[in-house]
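Let me begin by handing over the structure; questions about it come next.
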Amino acid sequence: MSDRYRRGIDIAQQLSFGSLEQFLTSQVAEVAPDFARMAIEFPFGDLYSRDGLDLQKREIVAIAALASLGHANQLRLHVAAALQLGATRSEIVEILMQTAVYGGFPAALNALAECHDLLTDDDCVGSSCR
Amino acid sequence: MSDRYRRGIDIAQQLSFGSLEQFLTSQVAEVAPDFARMAIEFPFGDLYSRDGLDLQKREIVAIAALASLGHANQLRLHVAAALQLGATRSEIVEILMQTAVYGGFPAALNALAECHDLLTDDDCVGSSCR
Amino acid sequence: MSDRYRRGIDIAQQLSFGSLEQFLTSQVAEVAPDFARMAIEFPFGDLYSRDGLDLQKREIVAIAALASLGHANQLRLHVAAALQLGATRSEIVEILMQTAVYGGFPAALNALAECHDLLTDDDCVGSSCR
Amino acid sequence: MSDRYRRGIDIAQQLSFGSLEQFLTSQVAEVAPDFARMAIEFPFGDLYSRDGLDLQKREIVAIAALASLGHANQLRLHVAAALQLGATRSEIVEILMQTAVYGGFPAALNALAECHDLLTDDDCVGSSCR
Amino acid sequence: MSDRYRRGIDIAQQLSFGSLEQFLTSQVAEVAPDFARMAIEFPFGDLYSRDGLDLQKREIVAIAALASLGHANQLRLHVAAALQLGATRSEIVEILMQTAVYGGFPAALNALAECHDLLTDDDCVGSSCR
Amino acid sequence: MSDRYRRGIDIAQQLSFGSLEQFLTSQVAEVAPDFARMAIEFPFGDLYSRDGLDLQKREIVAIAALASLGHANQLRLHVAAALQLGATRSEIVEILMQTAVYGGFPAALNALAECHDLLTDDDCVGSSCR
């Protein structure tokens, strides 16, 4: 196990990326185990572990990029991670709304709908709650 | 309620955008009520309401852009709106076919498949009917 | 010379696509003469020549798709063609503005800037003139 | 039936594109029969049939482009065709992994997950088998 | 002048968006003065002015989205704005590097090259300064 | 210097990627030296160096993906590398033509025009020469 992988797994755990590990041990890991490893090593081991940008800001980067590009699966993982790191729901809603400016309304509408369950629960609705 | 919103809702009703309102009062509206409002105000209240391009031509713009970019949900809403405004099925099929030139065959094939039910019914099949 | 090519060239001439022919006889035609021919045959010979959507509406499709996808060279050719067919400048400005909804503000801002010279001249400025 | 169509169908059969024909005789063919024909004529009849690039290399082009652009349906058809032509699973996995460089990790992860069943079976797992 | 516009201009000034105003009073404003106004009103007047995400985080969203989507002109404006708001060069370099994960290496390499002059000067080089 | 970097540089030299090194020692390397290193390590050191797909096929993947996505700078580097590895001009022209199917005609036309000088010289023109 490389240092890069170990560092990556460590970051993924700080992000409570249980779901990523789950994803990476299933379909992708079955067909391309080396790529599942690289998908930990490069993003998390090489980049997220660097000084110069804290994890919360890195999750803003991930969410803004993934919503703009329309990658729903990965967007959900990073929205969950951002909430885990302490971001509020309304911050995430603001990020997703703002992507309408750069990637268009459909991308932003899709992103908000795809993360609906992560951004609501029984006790609070919409942007009025944390 | 802003003038822009009122104007936007008025346009949406001319487009028989029942389904949009439905969409906007459910998932997106729950997580981001202000964005649901903006998604009426800016596209419909600010742009569609302007002179200089009639609603039928605006729906051609919407369908061509959404098919090229691969946004299925919004494409369906605008195909339904265009039919409501009097566009024929074969006109819409021609628009979707032409997007193959600019965005590639997969985008056009997906768009045609995604709108299959809107573009066929029991009494007529394919481009041979209105 | 195939019927499809002849039909395509005929359409291109109706669109006053002098600039396309120029383009197609230079760089692309030098490296890929067969592709230059196909780029007339398929879009113009096969699609534009079909009944069911008139040339003016086909140019709206082209402009909306190309602006959304960010293809500046081809956008300029089709804006010139649309003007030739009788579209007004303000119609074209409205089309380009509307693409901001689907593809984002940067795509629309770029499209408007790239077509600046085609959409202005000495005697009139902006959307206040034909 | 045009020579181009006949040539295209012949290529499609060499690719064992049963699934394409199936696709083309269903949804798309119902709403746009002429486009279903064009989707055989241009890609297969005009391009694949040309000398200068063999079918196996053409399938690499298709798979790399479709994975990068995120077109899942068409990607699956071409992965199946490449396997039929004699490509090994591990070659296809390598192609899909490499697209991460150009189109990002999410595109490559999605492509690998979407082709999971085509790239695994009971007797072998992952890149360890043909 | 609408409240939204006034609010937008006020934000733009906080971002020291002199270059945006310059841009908006030239090419785009000449062909589409109303769109130049809307490009202040919606992004800055409606979104940036909202509580829930501070201006520095909004600039991270803008930079991540624009780099991923490949919009060079607007990227440069927002990198300049982020520096003005107090972001360090190395933070911006980290953001641009991270977009390689989501949008691919070419998008990130282009973004870094396009902002080269904004991210270097005589007294310091690369990520070793400020 | 990591093994991954050494392996990557070795591959880059086999591809005669002089121009890449040049690129990587200039703008990008100045603002983000670590990223210039990663852009050797991951694509070339981790992926290109793997068994399972030879360098010539890897260059087909790169060219097809980059042409479809519209990344001109990187496309040119890989077209030059493919020629160096022994690909013929007409093979590369066929690859670029075929991307019209997946990414649309404008992407393919742009790719062919952008590589015009690499695909022609004094002694031979177009696809009639090696």
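When the chains are written out, they are named A, B, C, D, E and F in that same order, and each has its own residue count from 1.
To be clear about the criterion, contacts are C-beta pairs under 8 Å (C-beta built on N, C-alpha and C of every residue); 3 or more make two chains touch, one makes a residue touch a chain.
Since the model is a prediction, treat every value here as computed from it, not as a measurement.
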Those chains which touch chain D and also touch chain B: A, C, E, F
Of all other chains, the one whose Cα centre sits farthest from chain A: C
Interface with more contacting C-beta pairs, comparing C-F to B-E: C-F
Most widely separated chain from chain B, with each centre as the mean of CA atoms: F
Shared interface numbering between chain F and chain E [over half = same, under half = different]: different
Separation of mean Cα positions, chain F and chain A [Å, integer]: 31
Chain centre separation (chain B, chain F; CA means) in Å: 39
Residues of chain F engaged with two or more neighbouring chains: 34, 38, 42-43, 50, 66, 69-71, 74, 93, 97, 100-107, 127
Partner chain F, residues of chain B touching it in the complex: 100-107
Chain F - residues contacting chain C, complex: 70, 89, 93, 96-97, 100, 104-110, 112-113, 115-116, 119-120, 125-127
Complex contacts: residues of chain F adjacent to chain E: 23, 27-28, 30-35, 38-39, 42-43, 66, 69-71, 73-74
Touch list for chain A against partner chain E, complex: 42-43, 47-48, 50, 52-53, 57-58, 60-62, 64-69, 71, 74, 88, 90-91, 93-95, 97-99, 101-103, 127
Touching residues (chain side chain D, partner chain C) in the complex: 34, 38, 42, 46, 50
